[in-house]
């Protein structure tokens, strides 16, 4: 088993003819992901790495039965792309696009939810179920299939941790990058719930960062719902208050959302929190040995 | 039994201190309707015909457990009043207000539906369950409790027919005026469904008018779902095409929505359609004798 | 409420839609001047609140100023479905590469706004809808989010557009929707919307109607009203909260409530008569309203008899009777009339009328029968 | 993005909110002129992108022109939390009958926009939120329909307002929400919003921040940017798609990815060092980007050592190595540096660097340890 994506995934790429979309389509196809269609307005009839291109998502879904969409369109058009995917009946939408205005996401978040669909991102690396489907921009080869579920708000930091896990002989059931923006479609709790209910996942790694209160809320959820061993890490322990550290979500203001508070909450929920990113794999290795 | 309103109704009046709201609150209280609260912004502490006034619907609901609201606020504020009632958890909202812009109703219609509430109107006389609750502006005394359910798009024409029914010894289970605007919260089908499932209702009168295709759709519904005897009437048989006859909904354009087409559809569904309004009670009396 | 083609075009232009701008003229000389100013071939179009202008000879080409004077003089003053042409729009004749239909309407069934497009532009869209409905493509706007960009593009693709035409059309479709919602329209259409000789989109003929209920917040639209296009009595009635529609018969009707008014007209017709008007005096039916309403009904010379049908619900019958008596005291009613007055305090009301020597009928069908007989007697 | 108080007030004024309009001055003389023009008592307020102006002596009253000159000269040039005061706003002193707080913010938990109001106006709202949260009243706007009128009124009633104050406040609350959404704000607040001596509402101190992600569609806001308020290096970095934040330590960091950058800073700190900056070079990490990034890091004189930490995911390590070598060829790097480069084509990348005599560390914690030692050695 795995969560969200697997070999049943029929992936559609929105913005497939763009620089990013085209490059990553190639990477995903190469990894073995079942990419069935691409959409670029006016791109009908084109072919990107063997994937047929359509003008609209509804056409693509009709012709290819795509069930998952990944979005690479530029930020000004990302919200519209998510609406289009939702209205076409896609139930899992991954938005890679960075820089989407927060107010766009306010409308999108509730719309997708009402439609009974799931959005991951925006501004996220996507997700992967090693050996089955890579739906994102992560380097596929660092992953190995195994018992650890990983969920993270970060991009390269996730790769760092995955790489370390794999080198420590700890493969992943699925690894999900939920993105670091203030408003994201899927949060820690959603993914933790999926991992808790996934028989393949034996342990969970959670990578948070400063800003917001998602980690604190996740800690509350973990306390009451997660029985699998967990290792955590919070990036930004040294970040000064009030400054934006790359991710829009990573601002600490008014004493809320500090790394210290998040670490405290996670530890209180029974999560082993690593001092540094490098320590995550080490602690997980110890946990798994027990 | 009855439909929608009865002696369990705990009525709230929005716009209670206005001329219309205040007058009709008196009429409804006099009829015996359980009017528990009124709302007028800034009206807190006032008393209208013994009904306490609150500033907001949420306050009124909290203090009085109102479960139904009737709206008399002026047209520019009607949509906001419906949103306020819906958000306060009111599940049955009757909007008497005339002249509400159609685009306001587009937003309101879907909002109320999503919230699982029911809107009747706007631009309607309201509804009554004789002897239990008068929630509207109809003259109460012309009604008598009995076996006939009545649903109508019109106001005074409804009173005309009710009066005739009562004089013919045919009381009403409930009588519902759904309003004649292009977009209304509750249509013929909704009310016919309620009457069909109401044990007290033995026969149904339906008063339509020209414009739109609600009557045609109702006919389709009747064919498949209504087993009780029905008498119908369509006003506007002599109206010329393209002209607006008072009600915004009553425009015939492009050959659609003519009285002839509606009558044909209803008759095909087994409804006895009266030639004139005066004939409705006569036909119903014959029907009930069988 | 209806507005003229040129006014609709001006509104669409405010929303960034390229239009074929012209000059409005109320005389043949002005049309010649306009043609001179524009240069080259021009199209001269009657500005009336009526469809079917082309078939009625209200749209013609002119070669230059002199021809424009001749053509405009032919069009000005003609009657198109009861509307006299007071103005013409003189606009450059355009080279049409391709024409499509684009419109936004209230979708009663979907309780929303639907934007429609068809590759069959420049023809009667209702005919297309009837004969080849598959040629009309629609997108329903979300009730709260509006028409999304992808829907505009999807319409463009369904029309078979390609390349930069897609984005151009999508932008116009979005603008039409925006104009529709911001102006509280009931209909907002461009027919045809064309691609001209330069490969640019251009709105050639625009139509917008405004929701009467929204006029209180569409002050600018109210200023576009052309009273010459409306029946004088209907205008006067509206100003006093009375709904009045002139019809062709000879039996004047005065009723309270729209549905009851229509049912009363129906009853008159059922008895073999022809109603001269629809008149809903409204809920209050005060002496002033009744006086005005009676004056409106009697203003029409064709009226041979009058039927007054009031259901006294909230308004008590005795109050209505007093109003009627007061009104009749002020007006010299020369035609026979039949009064039917029932409802609250019916006895008191009927007594007041009886004391004044006026007979009141109880049943509506009986009242209709009597008024038809009276009209025939008077005729 | 932050803007000044006076700019925020001007935006709110565009939305119909009555403000206490003043004159912006960059000299004491200009302040005296402004006070002369305004007449009577004035309030002089430092215009800096920082809170706590009052406590820092950045807000003072002045009796007239001469006093205004004196007070302005006291305020101009002072440092408020690292921001030098370049401008003051001179505005009429107002008579306050009542003051409240009103603000709109992004509500992360509710994934929406929340409008907050408190009868405790004119004080630090975060203190109120912490100490007496029941004194803060909130209304969450519908994600698609926005803030409804009844919600604005409800806020007014919760503040204990009465009579015409209710409608006045509700209108302002609605306008604040509208400004928030139309300007893509992250925060839009008025504190205090007052009722002045004439019984009229007036915004006394306004604050607006703009969502950086929305600047592409907020061209007008971009023009409000005051570069004097921003770190020069941060501005330069942003112009090239690099996220840079200056910090107080002495170990320069250059990392790809925001999370990894923070984790790298954390690792440095864990080893006893202090990072001199946060720097996310972005996804591409081309030679140009790397050159610029290195220049930015080295521009800070305090930097004693540099840690370069790149995870080559999509960007291959050999490409990154080439970029690094190219950059180092252009820059005279005088401080020790530690490179950690892993990921795709890691061996090739490391070999390229090794061939150039540069040692590459494999583990992140080891790299942090080495750079801290290097900085200490250099210090």
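Some observations on this one:
First chain written, first letter: the chains are A, B, C and D, and each begins at residue 1.
The rule is simple: a contact is a pair of C-beta atoms (placed from the backbone, for glycine too) under 8 Å apart; a residue touches a chain by one contact, two chains touch by 3 or more.
Quick caveat, the model's predicted, so the values are computed rather than measured.
Of all chains, the one whose CA centroid is most distant from that of chain B is D.
For chain pairs B-D and A-D, the one joined by more C-beta pairs in contact is A-D. We define each chain's centre as the mean of its Cα atoms; on that basis chain A and chain C are separated by 55 Å. Centroids of chain B and chain C (each the mean of its C-alpha atoms) stand 27 Å apart.
Along chain D, residues 144-145 each make contact with two or more other chains.
The set of chain A residues touching two or more other chains comprises 107, 111. Viewed as a contact network, the protein chains fit none of the simple shapes, being neither a path, a ring, a star nor fully connected.
In this structure, the chains touch in the following pairs: A-C, A-D, B-C, B-D, C-D. Across the interface of their complex, chain D is touched by residues 23-24, 27, 75-76, 99-103, 105-107, 109-111, 137-139, 141-142, 152-160, 163, 180, 182-183, 207, 209-210, 212-214, 217, 233, 235-240, 243-250, 254, 259, 275-279 of chain A. If you check the complex, the residues on chain C that touch chain D are 142, 144-145.
In the complex of the two chains, the chain C residues touching chain A come out as 145, 148-150, 153-154, 157, 162-163, 166-167.
Contacts from chain A toward chain C in the complex involve residues 41-42, 44, 55-59, 77, 80-81, 83-84, 87, 107, 111.
In the complex of the two chains, the chain C residues touching chain B come out as 106, 108-109, 111-113, 126, 129, 143-144, 181, 184, 186, 211-214, 216-217, 243, 245, 247, 255-263, 265-270, 275, 278, 280, 311-314, 342-344, 363-365, 368.
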